[in-house]
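Listed next: structures, encoded as structure tokens.
There are two complexes below, and they share chain A, which is joined by chain B in the first and by chain C in the second.
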Partner chain A sequence: MLIRNIRYACRRYSQAVTFRTAESSPAEHNSNHVGLFYTINKDLCKQLYGHGGLPKSYMKQSKTFAETVIMVRQPALDIIACMKASDLEKPVTKYVLYGEEGTGRSMTIAHLLHYAFEEGYLIIHVPWVSDWLRRVQRHKEMSNSLTREGMVDVPLDAAAWLLHFKTQNQHLLKSPELKISKEYVWSKREKTEAGAPLSELIELGISRVKYACDVVDAIVHEVKHLSNTGKFKTFVAVDGYNGFFNSLTRLKTPTKKKVAPEEVTLTTSILELTKGDWKNGVIVLSADMIANPDEQNKQIFPMNLLYRKGFNHLDPFVPVKVDRYSEREFITCANYYRDRLWLRGPPEIEAELKLTSAFNPYKFMEQCAPL
Partner chain B sequence: MSNVIKLTIRQVIPVSKYSSCLFNSLNKHVREYSSKTVTNADDIFKQFTDWETLSKKKTVSKAMKAYLERARQHDEFMKKQEVEYNIGKRHLANMMGEDPETFTQKDVDRAIEYLFPSGIYDPAARPLMKPPEEVFPARKAAEFDEAGRPHHFLFYTGKPNFFKLLYDAAEHLQESYKFEDKVIRKKAVPDQNSKLELSSSMWVTKEELELILMEKVTDLEYENFKLVMERLVSLPYSYRCIEFIEKYRKPLASQKFALEIPKPKFDEEGRAYITTYECLRKKARGDVTIFSPGTGKVTINGRDITYFEDIQSREQVIFPLIFTGLANKVDVECNIEGGGPSGQAGAIRWGIAWGLRSFVERSMLESMQVAGLLTRDHRRRERKKPGQPGARKKPTWKRR
Partner chain C sequence: MSLFMKRNKPGVVFNTQILWRLNSTVAENKDEEEFRVLDILKKKDSRQKRIVRRAEVAPDRAEKMPTDQNWGNVWPGPRSFHPSSVPLPIRQGYVPKGQVPPGKKANAELMKIPNFLHLTPPVIKRQCEAIRKFCTEWPKLLNSEEAIDKHYPVEIITSDYCHASPTIRNPMARVVTLRIKLANLDLDKHAKDKFLRLVGDRYDEKTDLVTLTADRCPLRKQNLDYVNYLLTAAYHEAWTVEEWEKEKMEDDMEYYVWDNNQSKRNLIDWYHRVSGTEQVLSDEEYRNYDISSIPHAKEYKEAVSNLFNEGESEETIEKYGGTVRKLLGLPERTV
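So, the complex of A and B:
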């Protein structure tokens, strides 16, 4: 037992230099760390990505490896540098991540989330837009909006998101500064007073699912208002953002009418948030081919994915390309897999995997799994 | 003949047992007779009447009779066929407007192909006109003499030629052992240069062996044959019976392509390149260009290897590169169209392997041949048949 442990430790130690970095704070990451993995604290991981945020296959893999690691990569470092350098008193900056399938946009967002969390941003994170608009379970709760005519609510999704929001920002929501600016009347008996803490609004949305969509809308307005007043900074991250600009969603009203994305209340709330009319915030979005599967000519560029409508809505923004692994990143990743005993066998395997995966991170992960 | 006579003498001997001098003289004569086969006029032998031989000569065994009858019929048949063939050949020559006297078998084949064009897949099933010796298999000559006694000493094994082969092999083995002993006694060492070089040839197949021996050979017997021959070959002095071994070996058909390997051309940057056109597989057609030296970049229709979505097609494309160990030393550019991903990948694989011939060693070439990289895959999609759901698939059986 002891010998095994020693051997284990030796192996870990001998390779630790090559692929791992002990620097676990994203703010400290610099170009020396490119291609290295850093470990995220388990509790923090649960808090940040507990309700989505990491891709499902990656979650599975980290469960197998019994640790969550994220590779420090150039796009994330670029955005962090920009965030550090930018003046928050100016209107919000928008970054749009784009790239081929499986190159790590979601992982970049996850990395940035960690950074934003460390820096004390209020996080508004939508893990995957198509979960709201395209995934239709057998009993997807849908109803016509009470407050807005001709709109559709997805109350359960909204409530789930509120829970996600609450977990991600639990330490910030305790602060007494977060007060509501105006009174919200939900029904004859239920209303939220002006000056009540924001967490009360969230609690109401979670407990009274009927009003969840309206609560989301209210929160968006409140957050924008609070940021404008300079109480705190806000970090908005939306994965698969171009899902909002598809022609149709998979949702149907009780009368079997197909629903367009702009007729969903959640869409309007998030689109409200990504407008450039507020300050003290950073917006990171990702344009994803998977989010509009109806698209025929597969192009990775934001112009093609967001369409003219979305492009105009976002303009101006900073496009950030997430590329495939570089040679060095590939080698560190392979070393990591070898360390986890995930990849075994002769070193020629790497050469072959390099060719078959074509340096695509997701493909590489997929192909290593059965090895 | 001497055998027969020896036998007769022995039977005669008991008659003259009482006379020892006679026995001695007899013995002497027998020896003389059997060695020289010259008859002496006053030979004591002649005084005996050899009834047995006389009677044997008269009676022809039934087997012999049947054989003679068969042989006669066969000869007649072959003669007839030969005449028919010659007439047919002359007719054919006239039909083709050529001189019947100088009309060769090659011309016959050409004429038949022209007059009876056939798209049948198997060449053996196409119409043909060959001399009867080729069409009808050769027969074994009589294996026994007129008295019904077999010529061959292994006749009663049922497969005399095959067992003679094994017998000869064993003889050679023994000889080889003896020779080795002799050499060891002289304290010499085997000559390394005269060692048998058999890497470029292989043993004849079972079918070919059957043709050589004119006998059916079972799988087990064929295995035994190979075993014995391998043992013979493994001996240090097996080169002494090389003619015997060579009779049962045939050359590997790998030397063919070696002559036609093109020399690479050079582009303006000074890189060697070679283009293989007509890379085919299923419905895919394309061409592959290989640049050396390179960095392992694969370009397919202007895109990298992500042109293929699935891992199997990617593996197909890179397999020749990995096999030859040139994955990081050459660049590949392909233009491919038609067919689906697997067909296109297969076509590219063949094209890369074919182009890499100019950049690899001779030994690697041979292993590529063995790995099947240089073989073209001629299989095509099989058509769907009417009355069934697929090419081979039959409808689900239903009682009623």
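So, the complex of A and C:
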């Protein structure tokens, strides 16, 4: 037993130097750490990605490995460097991640979320836009908006998101500075006074699901206002952002009318947030081919995915390409899989996997699963 | 007889013949020495052989031709190949393995293909000499292609057909093609755009040529008039501005004009926010705003225009990203 443990420890130690970094603070990551994995604290992981944020298959794998690790990669470092260098007094800077399927845009966002969390940003994170607009369960809760004529609410999704927002920012929401600037009247009896803490608004949205969408809208306005006044800085991350610019969603009103994305209240809120008319914030978006499946020409470029509409809305933004693994990243990843006893067999297997996966991180992960 | 056959062995037929001959009573007065034999069983060697008479074949004309003959007289006009008239060792056709191609005689392959044996250089030279007296002198000032293009921008292309048949008319001769360089037409931005939309695919972007072809009228003269009419009509139509053309939206534009687009507004708004002088501008003010006061705005304008006009690619996106970083004061992308 002892020998086994020693052997195990030896093995871990011998390989740990090659693929792992002990530096678990994203702010300290630099180009020396490129391709290395760092481990995220379990509680933090639950707080940040508990309600979405990591891809499902990656979640599953982390569960198997009994730890959540993220590889430090160039795009994330690039954006972190830009965030450090940028002046927050200037209007918000927008970054658009693009790249092939499975190259790790969502993982880059996850990495940046961790960075933003450490730096004390207020996080507004939409895990996957198409969850709101395209995923339709048998009974998708939908209603016509009470406050805005001709718009559609998706209250359950909004409430779920509020919960996500609350968990991600629980430490910040405790601070007394987060106060509401104006009074919100929800109905004859229910209203939120000006000066009430922001968390009250969120609680209301979660408990009174009917108003969830309006609460989201209110939060967006409040956050913009608070950031403008310099109370705190805000980090906005939206994955699959181009889903907002599709011609139609999968939602249908009770009269079977198909709903366009701009007719959904949540869309208007998030689009309001990604305008460039506020400061003290950073916006990271990702353009994803999966988010507009109707698109015929399969191109990964952001303008093609955002359409003219989205480009006009975002411009000027910084396009950041997330590429496939480099040789080095591939080797560290393979080493990590070997360490986890996920990948076994002769060393030649790596050369083969290199070819079959074509350095695509997602494909590599999938192909290693049965090995 | 049957008794006789029994007594004699089969095969001794000769004796029977002789016997029979002895008994014959026919008188033979022509040939005293030898009797003619009536050959009843027709023995092979006695049959007369037919002599095949062959006609005398004259040697090939091609072999008799003198080497200094006038070839133009031998082969004066277009004609399908004839082996005896051509004193050349020509071979053509499928080559079986290890053999040579079939020779010129009785060779359908050679007859199928068109030949130019009537258009040898000396013949052409002779014919040109013959028609020289009908030509006028080439204008001295039109000494180069550029000069010709300059003085005669409109190019008319027609074809004349000459062949030996009962009629000298060819229906293809009526087709008239007019070509002109677009640069030679006096067009402004709007007129050029409209002209191009009117001519459609008759304009070739690579060569800058507009090609109009007419074959609808029965005579060349009529077609020529029609082509000229087409060019004139299209040109003048291009210059007129109709009432409905004001309704042209940004999406109808054939190329991306940055000054008219949202991108410029975004940049100006951003700049105003950065400099802390926010103001509300009208559409006209946005369009005419001078961007030279904004650092890196020129590059940005170029990058966005490129992105739209050349299409999205790795380079244009990278250039756009680079200029945006410069504009926003962010560090360069590290590779």
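Convention: the second predicted complex is superposed on the first by the 371 of 371 C-alpha atoms of A that agree within 3 Å, B and C clash if a C-alpha of one lies under 4 Å from a C-alpha of the other, contacts with A are read in each partner's own complex, and residues count from 1 in each chain.
The working rule: contacts are C-beta pairs under 8 Å (C-beta built on N, C-alpha and C of every residue); 3 or more make two chains touch, one makes a residue touch a chain.
As the structure is a prediction and not an experimental result, all values here were calculated from the model.
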Task: Check chain A with both chain B and chain C modelled on it and let me know: fit or clash.
output: fit
Query: Which partner does A:Ala351 reach: the first (chain B), the second (chain C), both, or neither?
result: first
- line: The answer to whether chain B or chain C touches more of chain A is C
Task: Give the angle at the C-alpha centre of chain A formed by the C-alpha centres of chain B and chain C in the superposed arrangement, rounded to the nearest 10 degrees.
output: 50
- request: For A:Gly276, select first, second, both or neither according to whether it touches chain B, chain C, the two together, or no partner.
  value: second
Query: Which of the two partners, first being chain B and second being chain C, lies in contact with A:Gln367: first, second, both, or neither?
result: first
Task: Compute the least Cα distance separating chain B from chain C in the superposition and give it as a whole number of Å.
output: 14
Query: Quick one: in the complex, what on chain A touches chain B?
result: 100, 348, 351-352, 355-356, 358, 360, 363, 367
Message: Residue numbers of chain A touching chain C in their complex, please.
response: 31, 74, 77-78, 81-82, 85-87, 90-91, 93, 276-277, 279, 299, 301-304, 308, 311-312, 315-321
Query: Which residues, counting only chain B, touch chain A once they are in their complex?
result: 296, 298, 304-306, 311, 314-315, 318, 321-322, 327-328
- prompt: Which residues of chain C touch chain A in their complex?
  reply: 251, 261-263, 266-267, 269-270, 273-274, 300, 304, 307-308, 312-313, 317, 320-321, 324-325, 327-331, 333-335
